[in-house]
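Going by the order they are written in, the chains are A, B, C and D; count residues from 1 in each one.
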């Protein structure tokens, strides 16, 4: 492995700087900037419009989520996990539930596992659809793909609302199952949505995938090498876009994922277009998983009858549980001392760690590229800053 | 050919333009203040206190000020002070009641953990959402009187759930009565027999076992990590 | 994947002087850790990353744990033979000892190539006050760059060899380390009236109401009564 | 027969109606004064009509954009006093009131004079371009021989005002936007002019009414002899239209105000009424360029079919203008934005060569005007080949390395 990859910026900065000799312009993009997806900030040093240095600045949305997790009970952290990556509350819930279940050795009934898969894949659809919309907004579309994405997202959120009572802050998973049992009507509604989603994706792709401007804007932009991606802890669609076959649904085989037939799409170039396309193709696989899960949804209890809600005190020990969230590996590391609150509650935020390579991807590109590269990382500031 | 993707995109937007005039699946806007969205039954927003009787809401609160919700509330938005005296509840049994029960809705995040941990079905989730106020502090701090809503209201917003709760409470009450009767009978019999027996245990409060069975959690069963399933 | 003991043994064979200890995890998760010494940490990490059998090429999670000083009461039972010749008497002697506190940094390593993991590395500081340095593993895994900065920011562990060790989530002028167990939040942290009077009381201390007669110099209004 | 006559007479009455009305008012004035008042009336009418068009164009844009995005668009502003919403038709006026009453913030470090002058200059130049366009058979405000040159000279000056705004704002984003605007101006002025040359060549005049007249009549009795229905005209029109998009800073060439990159570009430090002036100038520019496109390629005020001639010419012009503006909006709703280097490359490596070749195509077309019978087919085939072959070849070169991809899956 090239050791220069490991120094942030490093060699690239020099190479780029040698190529241009103009005066440098330092621009602070964010925290109030239309395309920083919240209150993210990048201090960008420009030569003309080329980026020679980019330093991300975090923390504008920091609320010390992890400290909060140590001051409330295990159950009390569940609603807070909704607020990490607020686009994918259901997968955050699941990751936290899996970590606690590992910590306490809590089994989960089969029906709950199926429901969790259904909700996680719906979340993946929701997240990737929105991401495509946001990315195209960053490319300069006047809101059209974003509005289409939001239109479909609303339909998924309606499902979440009628199941969990809230559109985004679901607070649905529990240690040892799920809070509410989905009704047959809900399952039917989900089936209808899943049945229609392929047609929406076709239309969405007709608008975007073959568009010459989008291809020109995104192909060859923000290239990330597989070696650096692995080394920098990049996970999720971003890693797969570099051609690395890594999907926790396959490699960790958590939940009931081994029972479903699905493929893992891989990119070859590691650029923005690959990241977009990998997500689109993943959505198509999610639809396949959803169809299988909805067809095979078993009966039975949704909660383990032995699971405790009040007075939940896992034995002393620690556990790291992780799942394949839409943005990458979302993990929770919990240390218990036998008390009602965790001694240590740590979130492994995928979008935060994926930002490690932001500068490497942006060097030598233009301001316009930096915006779409950031968009293709798929960050949610609630999770980045915690 | 260069431009074919662009033309395809124009066709999609044109289709959506036309579709927005006739296809409700495309045009999903609800013009809010005039048209109210239909809320699903599960919809939740802010808790309220259930009282049995609409005419005497304060007297028939189910809440017995056990303070479990106050302890479990993640953002600590509930504040309860127990009463010094006891008042008869809906069933006529003397109970401690909340002298102060306040919820700071500026802090509450509607997570409904208070509802889940309540052993008495006394606090439930409301469906109000038009709750804008002109001040930030006092108006958002709801007190006991503002929080209490009758059981009939609960039936109106969550019919299925409320019916289940009522059935369960009725069963619990019946079981408690039977137990009390049995205890009384036993007591009478014991008194008649020896007349020196101590009082039999008081009937217990509604059963807690449905939500939190006592005893440690299940045996540790690690996830089958080795199970590498069907890979296509 | 090899068990943690096997990995330890291989590492000991490879790095003869290294001080390695397995930190057992009593919980059902059974994810045991490996405590490294500072001297060999970077070399061991590099070995773990490049070893063809393990190939722990991804360090997914880096975090700190604060272990404050703890008073441990140990009860030792000893049997004292009865001088009178009766059955030996069992005497319990309680000894109190102070377990020194430390800051611990935990690394979760996985292998993307082989799909196995986690191997958990742990590094401990000497104490919680002055010897708070551990070697940085950022030169081995770029993934540690921001996460080690975060541990530095929130726990106050300094990483020797980190290329850009600055605060990341808190602002630059911030003084304390908020994730430590003994962190006390400033009294102006939250001063709006809430049902919990304690916060309100703290606010009153921080923002004393201006005396009615004197020209109030403070611009901050007193909090409204709750 | 009678009906046709009736149509013809009403047609001619309606055709001259604006002029007749004006003469009714000003006809009694002595000559030099009459000329002055006539001009003022003309300018006033033009500004009123185009101003109203601007107001409702903003509303139409937002509404159409909304409908394309499956939402209603602005529909809640009631008409004052009667409190009827009426599809939000009062929205532009509410926007105007808001813009006027907003605080006008000038950055501390800004060049105050230039900061103020930029929107004024921009608006002035865009209004100037509106003067020469023939809106109808008798409706040309400023009729002179070098109208085409005048139009493009004034149009190019608008970009200088954009640069002024960006420079004077003393904001890094504005400065970047200003640089982008200049690069864009230089790149797209050339294809814009080159695409106009054939139309001028065929009409043999730089005067716009003459160019419109040259497009009169119908081939085969139904095909209008508008330039757009010839191979070179179609290609020229497309080049003109793309360049017009770039010249008016509209999507996908809205780089100077690239919202997602430069916040609002040169508009970042403008607020209130100055901002509204920029907005107005953008729409005026759009109208002017569309009007020019209609005049040069879409037959100006000519009716599309012979039996529709009874409808006054200015109505036809209006219809064509509005449909072009709709295409502007439609394109904005669909396309993302290009990058700066792609924008310039597209101009220099694609549009300019195509426009130059198109010059040759037009020359061929005018030389072979006498060909008839089967030679007509040859004429069309050669001309089409002259358009399509360079387009395909250059397009392939331009989009080298950019193609849809196929993806593999992990096993």
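What we mean here is this: a residue touches a chain if its C-beta (ideal position, glycine included) is under 8 Å from a C-beta of that chain, and two chains touch if they have at least 3 such contacts.
What you see is a predicted model; the values in this text were computed from it and never measured.
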TODO: Give me the chains shared as neighbours by subunit A and subunit D.
DONE: B
Task: Co-neighbours of subunit C and subunit B - touch as defined - done: A
- [ ] Look at all chain centres (mean of CA atoms) and spot the one farthest from the centre of subunit B.
- [x] D
TODO: Work out per-chain C-alpha centres and flag the one nearest the whole-protein C-alpha centre.
DONE: A
Open item on the list: Count the C-beta contact pairs for A-C and for B-D, then tell me which is higher.
Closed with: A-C
Task: Cα-centroid distance, subunit A relative to subunit C, in whole angstrom - done: 27
Open item on the list: Centroid of subunit B to centroid of subunit D, CA atoms only: how many Å?
Closed with: 61
TODO: Quick one: report the Å distance separating subunit A from subunit B, using the average Cα coordinate of each chain.
DONE: 31
TODO: Between subunit C and subunit D, tell me the centre distance in angstrom, where each centre is the average of that chain's C-alpha atoms.
DONE: 65
TODO: Two or more other chains in contact with one residue: find those residues in subunit C.
DONE: 28-29
- [ ] Return the residues of subunit D touching two or more other chains; collapse runs of consecutive numbers into ranges.
- [x] 68-71, 333-335, 399, 411
TODO: Would you mind listing the residues of subunit A that make contact with two or more other chains?
DONE: 102, 104-105, 144, 148, 151, 207, 209-213, 215, 250, 263, 314
- [ ] Could you please specify the touching residues of subunit C with respect to subunit A in the complex?
- [x] 25-29, 31, 57-61, 63, 65-66, 106, 108, 112, 115, 118, 120, 138-147, 154, 163-164, 168-171, 178-179, 183
Task: Complex interface listing, subunit A residues touching subunit D - done: 25, 27, 33-35, 49, 136-144, 147-148, 151, 207, 209-217, 219-220, 240, 245, 247, 250, 263-269, 273-274, 277-278, 281, 366-369, 371
- [ ] Report the residues of subunit D in contact with subunit A in the complex, numbered from low to high.
- [x] 65, 68-71, 172-173, 176, 251-252, 254, 258-263, 332-342, 399, 401-405, 407-411
- [ ] In the complex, go through subunit D and note every residue touching subunit B.
- [x] 64, 67-72, 330-331, 333-335, 391-392, 395-396, 398-399, 411
Open item on the list: So in the complex, the part of subunit A that touches subunit B is made up of which residues?
Closed with: 68, 72-73, 75-80, 101-102, 104-107, 144, 148, 151, 154-155, 158, 161-166, 169, 171, 176, 179-180, 196, 203, 206-213, 215, 250, 252-254, 257-263, 304-312, 314
